[in-house]
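Just so it is clear, A, B, C and D label the chains in written order, and each chain counts residues from 1 on its own.
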Amino acid sequence: MNWESARQFWEMGGYGFFVWGSYGVTALLVAAELLLLARRTKQARALATQDAALARIDAERRSGS
Amino acid sequence: MSEPQSSAARLPGAPGFNLFHYASPQTFYPLAGRLLWPCWLLAAALCAIGLYIGFFVAPTDATQGDSYRIIFIHVPAAWMSMVVYLAMAFWCIVGLIFNTRLSFMMSSALAPTGALWAFVALWTGALWGKPTWGTYWVWDARLTSELILFFLYCGYMALQAAIDDPRRADRAGALIAIVGAVNVPIIYFSVKWWNTLHQGASVSLTAAPTMATTMLWGMLVMALAAWAYTVGAALLRVRAIMIERERHTDWVRQLAQGGGSRT
Amino acid sequence: MLSVFATVLRRDLLLAWRRRADVLTALGFFLLVTSLFPLGVGPEPEQLAQIAAGVMWVAALLATLLSVTRLFESDEADGTLEQMLLSVEPLAVIVLAKVCAYWLLTGLPLVLIAPLIALQFSLSPQETGIVCATLLIGTPTLSLLGAVGAALTLGLRGGGALIALLVLPLYVPVLIFGAGAVDRWRAGLDVDGNFALLGACLLVSLAVAPLASAAALRIAQD
Amino acid sequence: MADAADTPMLSARALSCARGRVRLFAGLDLAVRPGELLQVAGGNGTGKTSLLRILCGLSEAEAGELMWRARPVREVRDDWKAGLLYLGHRNAVKDDFTPLENLRFSAAIAGEALDADRALRALVDIGLRTRLDVATRNLSQGQRRRVALARLLCGTRAALWLLDEPFTALDAAAVAQLAGAIAAHVRGGGAVIYTTHQPVDIDVPTRACVNLDDYAC
């Protein structure tokens, strides 16, 4: 184990800014990408369900008229 | 030259196994869905193990102290940015040869994640450079070619964004991805050649710390984690692209009627 | 095969002759950009001589990109590009002829005016010779690669900037070999390597770029 | 070998075309034989232009098979390209050139020999006698269209003409002249596929009409 205390771990031998700067930004970017992906999937699903609804309406129109 | 519309297009003489079965979006969509969670779990597990090795097993380096721990994200990101670009070029070539729409969709799905890795490689490279060589940006051959690779990604995505017709976007993107892939080694060696010419002006990254085995393991595990994450992200994005592109088809409509469940 | 190459070459040169003013834009841009640098960097001759090759090369590169959209845009607008795609003659040959005409109108003038710029940057005669020689071999490659970008972005909004983003990464090797020649000469090293590599880049793009542009045009017109 | 007369010059089977995400038509079968005139009808946006662009190879069909003289077009690409002449909405003329230069260059680009005398006669016949050395830029829309149509009059080797609304912007005399040229070409064993929004009387023995509304999606 390299670290005696959490504080020492956070300082990372004086290079805390650089190490956590790297890992932090990477984590942020990955999280951002996942959020964007989730949003895009939800939007795509919404498009699909809207199409399904349209199809149903067409079907009713055809069968109704 | 008609596209293999139905998924039953068999390669002549292929025995039972049908290469094209998963080539059509309709059959690939549920498969991608089933693969998603395994990818995320694998990525999370490997990342945890990698970080543990990187921070708690790998010793503090004699010369660089603890700043070298950045390599556990920098090197995997650099590897992944290269691997993803080559994977994109591969899918583009497959798409052009077999005229399968799904291969182009896969390539477009990979691009943003590849660009993310290229940016992470540059960002972590700069933050590692500051404590080690005193400047955020070092005109080292690998960092410079990483920068140009990042521009290649941006070029691919910008071109695809500028074209509305999906068919043209696929093929134009494929052309620039393949031309770019051919140029990546040329760019790397020309930058390396240029770097040695101006050796006095900069220090190259070859002065990395000696590779203790634990460090190597840390990087390898983190690279696998990054790989699993990339596959997961690409599959998720390709599913969204499939729905966006195939909206007028009935399999998407049935999918929506089926409550859009995980299948 | 050869006759259609000659015809298209003559056609494009004749067209450019009818619109002589357009030809000067690339040349004017090159002159302007290179003469702005001393204002920005300062007039000391040694400093200028050191950055001269790099400045001239980057200016030549940007001048090529600036006017490369002209290569296919006017033909696409009036429908002649469609007829080229329909021709029995190989499209790559037609594209190569168009790129040659384009180089004669934008690339070659840069090489011819380069000695004048070299004087501005107080380059010695040998250095001027080297810069002009590298530009002579390098600018055709720039035009060929630029043609691929122009074909890919035909008719797209934001075409100019998009072409730069697509094609500039591909210009990096040519820029390094070209601009690096004078630096090597100033450091007392031989420059044969640079010329060999520039020649290689030219031959490869001569072989690949017309085919890639032709494919890109078919994709664009699909 | 089937008798040369009735093997179709160009035939398409189960053709379907999509523009962006919208599918325009599907399951279209079509054939044109030497000595036959085929009109492509259909409302706006039903894909008439797209169909013509597919038939001449400018764009690719989403699905379906295209045959030139009963052979898949992939195998006989040069004959197919040499055998057809496509005239779209745009006139394929350069504004900076004179009509004569335009004619000469477009024939050369198509890889066709052009007899100077026939070119002159074509331009005179189409009514551009007094505009021979004027830059096309200064001509009216109708005259510009005539410069494009002059190619049809100077003995092109193309057996199949694909004309997309050739009669637009033409006055009555030019319309009659073009109709005559088409009729002569068809009677001489050639074939023409064309679209038009104005009814034009073309005097040919066999004619057919394909309406894209029947294949719309």
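Here is the rule we use: contacts are C-beta pairs under 8 Å (C-beta built on N, C-alpha and C of every residue); 3 or more make two chains touch, one makes a residue touch a chain.
Because the structure is a prediction, the values reported are computed rather than measured.
*Asks:* Considering only chains that satisfy the touch condition with subunit A, which of them also satisfy it with subunit B?
*Replies:* none
*Asks:* Which chain's centre, taken as the mean of its Cα atoms, is farthest from the centre of subunit B?
*Replies:* Using the mean of the C-alpha atoms as each chain's centre, the farthest one from subunit B is D.
*Asks:* Which pair wins on C-beta contacts, B-D or B-C?
*Replies:* B-C
*Asks:* If you average the Cα atoms of subunit A and of subunit D to get two centres, how far apart are those centres in Å?
*Replies:* 53
*Asks:* Can you check how far apart subunit B and subunit D are, centre to centre, with Cα atoms defining each centre and the answer in Å?
*Replies:* 47
*Asks:* Quick one: report the Å distance separating subunit B from subunit C, using the average Cα coordinate of each chain.
*Replies:* Going by mean C-alpha positions, subunit B sits 32 Å from subunit C.
*Asks:* Could you grab the centroid distance between subunit A and subunit C? Build each centroid from C-alpha atoms only and quote it in angstrom.
*Replies:* Centre separation, subunit A to subunit C: 43 Å.
*Asks:* In subunit D, which residues are in touch with two or more of the other chains?
*Replies:* Expected reply: 60.
*Asks:* Would you please write down the residue numbers of subunit A that are in contact with two or more other chains?
*Replies:* none
*Asks:* Find every residue in subunit C that makes contact with two or more other chains and list them.
*Replies:* Within subunit C, the residues that touch at least two other chains are 222.
*Asks:* Output every touching chain pair, sorted by label.
*Replies:* A-B, B-C, B-D, C-D
*Asks:* Considering only the defined contacts, which subunit C positions touch subunit B in the complex?
*Replies:* Interface residues on subunit C, with respect to subunit B: 148, 152-153, 156-158, 162, 165-166, 168-170, 172-173, 176-177, 180, 183-184, 187, 197, 208, 212, 215-216, 219-220, 222.
*Asks:* In the complex of these two chains, what residues of subunit D are touching subunit C?
*Replies:* 56-60, 78, 81-82, 84, 86, 88-97, 101, 105-106, 108-111, 135
*Asks:* For subunit A, which residues are in contact with subunit B within the complex?
*Replies:* So the residues of subunit A in touch with subunit B come to 1-3, 9, 12-15, 18-19, 21-23, 25-26, 29-30, 33-34, 37, 40-41, 43-45, 47-49, 51-52, 55.
*Asks:* Show me the residue ranges of subunit C that touch subunit D in the complex, using the header's touch definition.
*Replies:* 3-4, 7-8, 11, 14-15, 18-19, 74, 77-80, 82-89, 94, 221-222
*Asks:* What part of subunit B is in contact with subunit D in the complex they form?
*Replies:* 1-3, 5, 164-166, 245, 247-248
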